[in-house]
Amino acid sequence: MFSLLWLAPTLPLAGFLILATVGARLPRRVNTALGVGSVGLAALVSLLLAAAWAAAPPGAYTQTLWTWLHVGTFAPGITFYLDPLALVMLLVVTGVGFLIHVYAAWYMQDDPSIRRFFAYMNLFVAMMVVLVLADNLPLLYLGWEGVGLCSYLLIGFWYREPGNVKAAMKAFLITRIGDTALIIGLFLLFAQLGTVQIQALLAAAPGLTPAAATWAAALLLGGAVGKSAQLPLQTWLPDAMAGPTPVSALIHAATMVTAGVYLIARMHGIFTQAPGVMTAVAVIGAVTMLMAACSALAQRDLKRVLAYSTMSQVGMMFMALGVGAWTAAIFHFMTHAFFKALLFLGAGVVIHALGGEQDVTKMGGLRKTLPGVYWALLIGALSLAGFPFVTAGFYSKDAILYLSWTAARGAPWLWALGWFTAFLTAVYAFRMIFLVFHGPAVQAHPVRDARVSVPLGILAVLSVIGGFVLLPRVLGGFAPFAAFLRPVLPEPPQRDGGIFEVVLLAASAVASLGGIGVAYLLFARRRTTSPDAGLARFWRQGWGFDALYDRLVVHPYLWLAQECRHDVVDAFYHGLADVCLMLNGWLSALQNGRVRWYAGALVAGAVLLLALLVWR
Amino acid sequence: MNIIFYLAAAVAIVATLLVVTRLNAVHALLYLIVSLLAVAVVFYTLGAPFVAALEVIIYAGAIMVLFVFVIMMLNLGPQATETERGWAEPELWFGPALLCGVLLGEVIYLILRMPTGTTLARVGTPEQVGVALYGPYLLGVELASLLLLAGLVGAYHLGRRAPHEEPGGGV
Amino acid sequence: MTWADLPALYPMLIPAATAVLLLLTLTVRRDARLAAGVAMAGFIAGLLALAASAAELSHPVTMLLTVDRFAVVFWGILLFAGLLVSVFAVGYFRTLREPREEFYLLWLLAVVGAMVMAASAHFAAFFLGLELLSVSLYVLIAYPRMQSRAVEAGVKYLILAGASSAFVLFGMALTYAATGTLTFAELFTHLTLFPGDVLLLGGVVMILVGVGFKLALVPFHFWTPDVYEGAPLPVTAAVATVSKGAAFALLTRLLLGVIQAQPGHSTLAVIFTLLALASMIVGNLLALAQGNLKRLLAYSSIANMGYALTAFIAGGDAARVAIPYFFAGYIVAVLAAFGVMTQLSTPEHELQEVEDYRGLAWRYPWSAALLTVALLSLAGIPLTAGFLGKFFVLTAGMAAGRWTLVVTLVLTSGLGLYYYLRVITALYQAPLEGEQPTPPPLHLPHRLSVLTGLALAVLAALLLLLGVYPSPVLHLLAWP
Amino acid sequence: MVPFAWIILVSILLFALGAIALITRRNAVAALMGVELMLNAANLNFVAAWRYYYPDHLDAQVAVLLVITIAAAEAAVGLAIILNLYRRFGTVDLDQIRLMRG
């Protein structure tokens, strides 16, 4: 059964290849079926693998298709590695991916380039699966770059709008900074440990010197920060909403942006050797989550609310990783994938129903026209807000908050930041619900389509029940999820909870309910609109990071480039090019077409070699 | 014996020098033939009569006939008559004739000395060379025959008339 | 030579016999398609017969030839190239208003000559193979003899190749005078026993002039661009692949052992190093601003032979993998590039200028894609055959500590990237608005034959396969 | 007997003169003659080596024989190409035949 593993990346890849090559000759219907079907089959394969795992867990399963090269100890293979962590990721990527593909079949049905869309989407799923299943660093990097490429292509999918292309370029360049750090980190690890196999690396990690471990972990963190839109490389994510909504749901919410979380969890053995970097992870996560939550509160664009929310929730996962709560981070990754995909898909329907309107302040009263979407989004928002005891978001968020205080590496101030973020999250989630669905009604077209209702329904169900796999100890401690991941991800050492656990649980519930209450007061009863000035404006623009980078990096760089046009460094390169062209001219002049001259050169060459012989 | 070698070698070098310096292609060709004949004599003095014979028959004979033939063909043109008149000029035939005369004298001397000529080596008779060719060098002979086939087919293709010269097209 | 020797020689004897058979069929019926079919059948049968040869490894056949793993590998490469060039020729020569049958006959003989070179163990075999290849190529280059450029290329190749053959022959005579033997094995013994024998070294160096000519190493490279440009495209592909592959195989046979046995600063090693450095630098510099794609590929081939020579000089086990792998990748890429050009050209109207290819992707996306992959492979971009080839060469060079060569290779490859990308960009540039969609030469009523399409598809698959999944090929190539 | 060095000297001289003919002669036929001269010089070298050092081997004579065959084939094809050259360009002056350069 496990030998089917290779199909998981191959099926979407085959979909991509077929669509990219012969797709142009096939009808749209067939293209759509191919695009959705290939991911559906991959999801089926994942489910089969999961079933096989449940029946007889093998611990870990490795499948080598072939070895690319073999030079000394550098022997990267096309090898897939399946363990509980990879299996969870695989299920989410293909499962949620499939639902989003089904939805996209509706969303993109009138787009003339639907073939291109599904080709990119399939390639993305294939690359994401490669990234998740990679057994060695080069393969992981291949997947990492592959998803980056697809992200770039899909953000700029509607390339006739210059703004979209600009957003795509921005995302590509900023994540590139992180990617560069990552590849240097990978080289460093190979140089230090002499292998590129991830499991072998983790086994050898305790042998790293503290300095090497710190450098390696910091560089890996750089890659993760870029991909996951964390401080200070977070500015690309809101702009990435320029892509079609299914893209935002799949790439910029559920899967790719959490690749950083996966990377750190996968390489946790390196990070535990570098306590300083662990602290940095926690701090970056905590600060990002708070800042992004504030920004989400001030956004007017529906999709940007969700984008900042994603950034904030991923920040929470980073905080969890930073305190060593690996399982909690992955747990939150999973529930977040469910409810955030749900929210994005619902938002896509809303925007569609309003004919492309994305400003929440111009919406209202859609409860009547779009009842199904209302319930779906309400469930998503409840889960995001962490509505106590019934939603998945509550349990995953509570696990993180609890451990951020009680884990050995945790601290009360981390918990406080997390708690306040949870409160803000509830506020902005319900600000969105109240502004969009309550209040005076606006004109909208109702949407009825199985390709919408089925994915939304499934995701809504998952957003609720997805949390009952890891319950806190005071609620019975039913935790099959943690048990499942324990062979891969160790539990963090923690202080004993006792009654304290109940207090923290109650605090979480208060944050959620309080936030919803505040939102009700502010936005359902009064429909407060934030002013376009002061703090709100500052937050809306993402804490001014774009302007800051503009000042700090872009302008100086352009200035420098302007100034350097005539300076020494440039002159050197220009000179080099000129010298090359001059030599080219000289040598080309020797190719004068005269066969006698050629014969002379032949004889002269022979004489030269013979002279060399005698002279030596 | 030595003097014969030196003389023949001198003839070869002088004739070759003239191949380089004569401007007229026909002149050069005649001196080339002389040079080849002189080398054949050198082969003979070295005791390889079989090779010397082949040199004369194939090289100085067959191949050079091809050269002569082509040069003649190339001269077909307005200047053809001019060239015809040039054939009889003494500077054309005097040099080659002189060198050939020297070679001829040498050959006569060698033929006269023949009965006592013991310089012939123990191996190198035509039979022995033949046995070697069809023994260890059999593959080589086959390859040489393929080479001749290539030369034949190639010369045939390149040598046929151009299509526009013969409206019927092809051969 | 006995009957038992024959099976090992089948891959070579079958194309040779096919040539004779073709001659006989021509007397009965003149039909270009039939002739092409017979030639292809001959090449395919030869490839199949390789299995028989592979069973008889390290097999000396008389004193002239040795059929070992190395020979079999190169035979495979040469026969493959032979097959593809005949496929390309069918489509290319369809408009030639002259008999086309002799082309295939001569081409069979040329490949046989190349195969003899690759398997030779004796100077007589070496020289006969060299001449069989050369004489056939003279005619093949000038085959469309109504085209002035083809004839000019033929004459240039004739005179220069003739001179280089004379150098080889004189070198052989000198080595014979010094050693009294014509076999490679004894040459090796003498060279290792008396590394300072000037007569012997002089002979070897003069042989090198001839081999360097065939490989187009600087300073024996002058003929390359003119002959590439003037020769009909399938023959250009042949000169670039079969002739070079055979010459390098011969060089490896003749001197790899010597280079390995001698110290790194021996005269021969110094000479080879100079040739390699000059080829890499001059080849890449010449290609830099070249506007004619055929000439550009000619210059790039000079540089590529410099790279191959790097592996040769490095020697060692790494070179034994690097040389055949590099050649396999190089030949597949060159065949793909010339294959695409061939199927867009006729003898009367070849697409040669880079400008002719501007915007190709918008009319022939598949051709443009294959040409792109081929050029990327030549540039050595990862996941293509060329990358791994160059990677193995670099590994060999580093393992032997040939840092000058390695650094030069890396730096000049950077130059290479520039001119390959220049061509690739042209392929994808949108046709300028208001002008002709594409320059005039693409006027042919273009129908790709199934056979050509298949050949190009195979090349594309090989380019990627060799770049992504090298292990089975590596396994095949590693010779003891 | 004549010293071996003298014979080698003669053959080298002949070879060099052939090469010089190749470089200096503008007539394509004359250039081909240069090539023939060079081949012939090598033959002389072979025979001399056989006579002086290895009188028991047949290799050299066989080699000379094969070379003469090769020279014949090469001359036939070469002259046929030169004929075509004349047809296309109306001249056999190598210096005027340079459509391709650069």
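When the chains are written out, they are named A, B, C and D in that same order, and each has its own residue count from 1.
By definition in this document, a residue touches a chain if its C-beta (ideal position, glycine included) is under 8 Å from a C-beta of that chain, and two chains touch if they have at least 3 such contacts.
Since the structure is predicted, the reported quantities are computational estimates derived from the model, not experimental observations.
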Review point. Comparing C-D against A-C, which pair counts more contacting C-beta pairs?
Key: C-D
Revision key, fill the gap. Most remote chain w.r.t. Chain B, using mean C-alpha positions, is A
Review point. So how far apart, in whole Å, are chain A and chain C when each is placed at the average of its C-alpha atoms?
Key: 48
Study note, to complete from the structure: Whole-Å distance, C-alpha centre of chain C to that of chain D, is 26
Revision key, fill the gap. Averaging C-alpha coordinates per chain, one finds the centres of chain B and chain C separated by a number of Å equal to 35
Point to revise | Rounded Å distance, chain A centre to chain B centre (Cα mean) | key: 82
Point to revise | Residues of chain C touching at least two other chains | key: 124, 128, 131, 135, 138-139, 142, 145-146, 155, 159, 163, 167, 225-226, 290
Study note, to complete from the structure: Where chain D touches two or more other chains at once, the residues are 18-19, 22, 24-25, 31-32, 34, 43, 48, 57, 62, 66, 70, 73-74, 77, 80-82, 84, 87, 94, 97-102
Practice item. Quick one: which residues in chain A touch 2 or more of the other chains? Key: 588, 591, 593, 595, 599, 603
Practice item. Can you identify all of the chain pairs that touch? Key: A-C, A-D, B-C, B-D, C-D
Point to revise | Sites on chain D touched by chain C in the complex | key: 8, 11, 15, 18-19, 22, 28, 31-32, 34-35, 38-39, 41-43, 45-46, 48-49, 53-54, 57, 59-60, 62-63, 66-67, 70, 73-74, 77-78, 80-82, 84-85, 87-89, 94, 97-102
Check your understanding: Which residues of chain B touch chain C in the complex?
Key -> 136-140, 142-144, 146-147, 149-151, 153-158, 160, 162-163, 169-171
Review point. Which bits of chain A are touching chain C when the two form their complex?
Key: 66-71, 580-581, 583-585, 587-588, 590-591, 593, 595, 597-599, 601-606, 608-610, 612-614, 616
Point to revise | chain D partner contacts - residues on chain B that touch it in the complex | key: 1-2, 5-6, 9, 12-13, 16-17, 19-20, 25, 28-29, 32, 35-36, 39, 42-43, 46-48, 50-51, 54-55, 58-59, 62-63, 66-67, 69-71, 73-74, 121-124, 128-129, 132-133, 137, 140, 144, 147-148, 150-152, 154-155, 158-159, 162
Check your understanding: Inside the complex, what are the residues of chain C that reach chain B?
Key -> 1, 16, 19-20, 23, 30, 61-65, 97-99, 102, 105-106, 109-110, 112-113, 116, 124-125, 128-129, 131-132, 135-136, 138-139, 142-143, 145-146
